[in-house]
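Every chain is named by a letter (A, B and C) in the order it is written, and numbering of its residues begins at 1.
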Amino acid sequence: MLNMFTHARRMAGRALVGAAALALAGGGVAGAQETIKVGVLHSLSGTMAISETTLKDTVLFMVQEQNAAGGVLGKKLEAVVVDPASNWPLFAEKARELIEKEKVAVVFGCWTSVSRKSVLPVFKELNSILFYPVQYEGEESERNVFYTGAAPNQQAIPAVDYLMENEDVERWVLAGTDYVYPRTTNKILEAYLKSKGVKEEDIMINYTPFGHSDWQTIVADIKKFGSAGKKTAVVSTINGDANVPFYKELGNQGIKATDIPVVAFSVGEEELAGIDTKPLLGHLAAWNYFQSVDVPENAAFIKKWQAYTKNDKRVTNDPMEATVIGFNMWVKAVEKAGTTDADAVIDALIGVTVPNLSGGFSAMMPNHHITKPVLIGEIKEDGQFDIVEQTPGLIVAEEWSPYLEGSKDLIADWRKPLNCGNFNVKTGKCGGAGQ
Amino acid sequence: MSITRQPALLGTSGIIFLAVLFAASVLVPVLNLAVAPDSAVHVPTYVVSLLGKYLTYALLALSVDLIWGYVGILSLGQGAFFALGGYAMGMYLMRQIGTRGVYGDPVLPDFMVFLNWKELPWFWYGFDWFPFAALMVLLAPGILALVFGWFAFRSRVTGVYLSIITQAMTFALLLAFFRNDMGFGGNNGLTDFKDILGFNIQADGTRLTLFVLSALALGLGYVLCRFLVRSHFGKVLVAIRDAETRVRFTGYRAENYKLVAFVVSAMLAGIAGALYVPQVGIINPSEFSPANSIEIIVWVAVGGRGTLVGAALGAVLVNYAKTYFTSGMLAPYWLFMLGGLFVAVTLFLPKGIVGTYYDWREKRRRHDDIPAAPLAAPGPAE
Amino acid sequence: MTSRARLFPSLRVLCAALALLFAAALVGTFPGRAEAQDISGALGQFTSNKYDDTEAALGALALSGSPAAAGIVSALADGRLVFGGLPPRVFIEGEGGALLDPLTMQPVADAPPVKPVRVNNRVRRAIEAANGALSLVSPDAGKRREAALAVGRSRDEAALPALDAALAKESDPQVKSAMNLARASILIGKEGISPAERIAAVELVGAEGNQDALAILRGVPDSAAPEVKQAAAQAIEGIERNLAMWGMAQNVWYGLSLGSVLLLAAIGLAITFGVMGVINMAHGEMVMLGAYTTFVVQEVIRTSYPGLFDASLLIAIPLAFLFTGLIGVIIERTVIRFLYGRALETLLATWGISLILQQAIRTIFGPTNREVGAPSWMSGSFEIGHLSITSGRLWIIVFALLVFFALLATLRLTRIGLEMRAVTQNRRMAASMGIRTNWVDAMTFGLGSGIAGMAGVALSQIDNVSPNLGQSYIIDSFLVVVFGGVGNLWGTLVGAMTLGVANKLLEPYAGAVLGKIALLVIVILFIQKRPRGLFALKGRSIEA
């Protein structure tokens, strides 16, 4: 016990020295130590390491690039990496450590919704900034969080539209892992499909646990559901690890994309790198970015990224692009505000526009979500995507879905005078139902 | 653990332990509140929450040591009792949010609103009332332990069989709580708490109070365990651990003894969970994961099984190591260190830190004094 | 065109082609070279590289009767149809990247830079349809049968005349029955045919008795005569009853398949934990190491000996056994051997080892999944009755049983097996009989680990090859061993299969999650009844 307390004190002491150094630096003592700290809160071990490690590398890469370009506000950036180890309470603890002890100006992090929910109170309490780079279920808009991933209307709905228009799909299997993102997305899709005249009996919804590995029964059910004489498609919100056995089983049972196409929202280049993609030819994914986007910006980025990772096979993916956009937005906002002070940067961020990697620009909207193009890709044999459709314009995120009972009257606008993440347009009050 | 001497309610190490706990619960608040933030001895709030978390883990480890160290029940499902206590507290905290949820629904928690639930499930009734929630913190894990233990001990399921079915139990609960249809928030669990008993949960004062309460719970838990193990009841427990069949032949109903210890241990774990949740701000099904329960066993082994103080010490040390190693340059290697630590402790400190210290002290005393009766620690029944 | 044809736009191509074939059949000749000139227009359409145009071009090609059509369609399917230049022209990419003129198949002199014509699912279906139409009169009986099946699936009335014409010429009985079935499928939904004809069609389709037949029978129009509806209803009921039985058998098969996976995962543990008493939490990591061995073997084969790919698993199995076995021996010599008689402490040490191994693999191979391919003999599926059996799963069952019996034979029949049993039963007695117990311990642990490694080779075929692979099997493995009875190999076999089948029989009723929970509860209750598992060892050795 004693041992620990001395350590605790030493820890506190170290934080103090850091703070003092910063204070001195602010006082005008120029030097190499003068840095702005950037927190990186991605799991490097445990079940989520599989997805999140790449994003840690992405932030480190962006920090290096930015420093090579002269840093921010004349100071170098310094990345502070912690490992929350796929453990949700540890996310909150590490977030607190980054903000309170390391005094980072901004944090890039989280993947799962539960990790975001876990750190949310910390960011609110300590008034810091989190950039969240993953597509998610929406139904949230917080002052301290900037969502650079897709909301459901920026991914799921365009994908379903594509299948209805181009593949004449009339029967739908909504298969997902049992957690909030699939649940919410499927609720939204169900309401959307019904509004398009799809009948109840033509929708099959199925949930499986995380890491589900025996798909024989479910794939057979899908096959059965698809043999009713109407064109059937699977909308998959199956999460990470469960995808590999799912696709392997699809291949084994001989379900080809020309019979029953599967469109996935959580399968990107990184996930496909672990699968033999030949049997998956033609299955689809909807994202806001693919590595195969054929524009010079993207080619340049991939080249630099592969040089940085010293691996010419290293892939890029959508959450990476979202991280890059978020990072660039933060840099731009800091330069606009002339300070890294959280309040000033939060205000400055709205309206910031930076180039995305698909040849256009993304803007931070007042709801703290960004505008995005939606791309539909078909899986090719080499594990890349053939982009078969791209929305003509940019799509603004619907953070509160109009298809859900509880949120259809809510909007978010963090500009003055509204300054509210859940404004009810019916009651005219901030705070949900506003009672 | 000596059978030849009647130990005092609190041995030397117990007194030191309680003194340190007391000192911490006085010093930490003082150093946090009264000392200026730029002083070298200031304890930031961040450290307060961290210490509070360690203390709840220590209480959890204590509950494991009671049944593993003294009854020989290796529960690989202790995390389930911890999580149940945590959920009971979490449900209370959820109900306290009231209309401050993002949807502003006065009754339903947010996760129910956006999944279109229309009314509160029956098992959420009563949790807006703190005394009821506090009762459930004890009863939920207690009743589960009672039912589970009643079946298992009566059927004389022992050793690894018992360990594996406790693991199956926590795994089944993990799967169940992951299901959104269960009404416990699925994978996201319960989070975004606001108040506890009317106090803002993020205020420094609340944090300090929770920290002091955790220290108090740990202290009382320790005294209770000490009291139990040195009573007649405790001696029967140790006897069961060492030779269950013989105890039964002597006329004791071994299963009842085991059951009482198991239920007490589950309730202690539940209290630890209830104190843990408001300090970390989230409860989620991953607390049920079997790996977590194994980790608790590791804490106890590192500190020293069957020493109580050791269990608490092990929990704090291992978790401090985890906090320390998961930041900074060492982050990519921390699993190597943690893994290496477990291997090293089993190989070189088989009795754990405190157990080894006791051995060393015993040896020195024997060396100094007249040779005492041999105190060979009995090989625990597996 | 019926409403159903609208669902499958690509089938328009098929119908058009079939109509043309029908016309050709009537005249008694095939379209001659006179029409072949139209193909240049179709080729021009490919260069716009829009899916609609590509589909239209395919339709035109199928109708053109040009001898070059088949070559162009297959080039498109393989991604060898390319375009480029100004104005853009279409080429076929030949061997070694040479550009060929699609009509003459002669190399082009001034080859411009080219891009392949893009293909999506819709175009792919159009390709299949065009191929189908071209092959209803193909000399290959197999292709004719495929085409007939495709027509049957389309249920397009427009195809009827062509089908009748093809039927008249068909001599192969198998193809003929497929064509008859296709014809009946169309007739069932056709307006204005006699009830007798429709009933005959219903009976013919009903005799198929499968899922597809069910879908067709449900398509009997409301306007049909009551006796037809009755016949259809009867046929549907019969099929459903029949399929329900087959469904049960299918579930049992799935259960056996899951059981074999559990068996593979648990069998190594049955040695290290069941026989030696080591609570081996690093067992899952041995499985993972086996899977990574497979990955490495395949990587080497891919880069150096691509021809050996189909044998990659056969090469990986012994290598995985040796490698993980060696790791097992090292672990036993450096850690486990100090812990005999302290079973619970082995739990801690092996838990630490498992963390180290996971992180080591993460450091070496990265945290993401690694790709392990399936050799061709493990891909695909076949049907026995209405039972669908995937080859991969079948091989895994076979492999699991082979491993099981090989292990059983090793323990029962070999000298080392005898020594292993002797040491685990009574170490001191064995030692005094001159058995080198240290060596036997190392070998036993190595054997258990090696078997786990072989299991990893098989599991790499159905699951993620990631550092977390082992974690997902460890709980189930322990459950199987304990359920079957510690120390009894037969118990492990029966336990794995029982749990697998029970899981799959519960799943359709309770869903994947509740089924699993129910199973866990059942196992917990079962252990109350039989506190030492299914096949309890009798005697004092386990009372300690």
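By our rule, a contact is a pair of C-beta atoms (placed from the backbone, for glycine too) under 8 Å apart; a residue touches a chain by one contact, two chains touch by 3 or more.
Everything numeric in this text was worked out from a predicted model, so none of it was measured.
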item: Chain whose averaged C-alpha position falls nearest the assembly-wide average; value: A
item: Result of counting contacting C-beta pairs for A-B and B-C, higher pair; value: A-B
item: Length of the line joining the C-alpha centres of subunit A and subunit C, rounded to whole Å; value: 32
item: Interchain centroid distance [CA atoms averaged], subunit B/subunit C, Å; value: 46
item: Length of the line joining the C-alpha centres of subunit A and subunit B, rounded to whole Å; value: 35
item: Residue numbers of subunit C (touch at least two other chains); value: 358-359, 471, 513, 516
item: Multi-partner residues of subunit A (at least 2 other chains); value: 44-45, 178, 207, 209
item: Of all residues in subunit B, the ones touching two or more other chains; value: 175, 178-179, 332, 335
item: Subunit C-touching residues of subunit A, taken from the complex the two chains share; value: 44-47, 49-50, 53-54, 166-168, 170, 178, 207-209, 211-214, 216-218, 220, 223-224, 227-231, 241, 244-245, 248-249, 251-254, 257-258, 261, 270-271, 273-276, 278-279, 282, 284, 378, 386, 388
item: Footprint of subunit C on subunit B - complex, ascending; value: 74, 148, 151-152, 154-158, 160-161, 163-165, 167-169, 171-172, 175-176, 178-179, 245, 290-291, 294, 297-298, 301, 332-333, 335-336, 338-343, 345-347, 350, 379-382
item: Subunit C to subunit B touching residues, read off their complex; value: 273, 279, 281, 335, 338-339, 341-349, 351-356, 358-360, 363, 471, 475, 478-479, 482, 486, 513-514, 516-517, 520-521, 523-525, 527-529, 531-533, 543-544
item: Residues of subunit C that touch subunit A when the two form their complex; value: 4, 6-9, 51, 118-122, 124-125, 128, 211-212, 214-216, 218-219, 250-251, 254, 257-258, 261, 358-359, 362, 366-374, 379-381, 388, 390-393, 461-468, 471-472, 503-504, 507-508, 511-513, 516
item: Complex interface listing, subunit B residues touching subunit A; value: 17, 20-21, 24, 38, 40-47, 49-51, 53-54, 99-106, 111, 113-116, 175, 178-180, 186-189, 191-193, 202, 280-282, 284, 286, 313, 316-317, 320, 323-324, 326-328, 331-332, 334-335
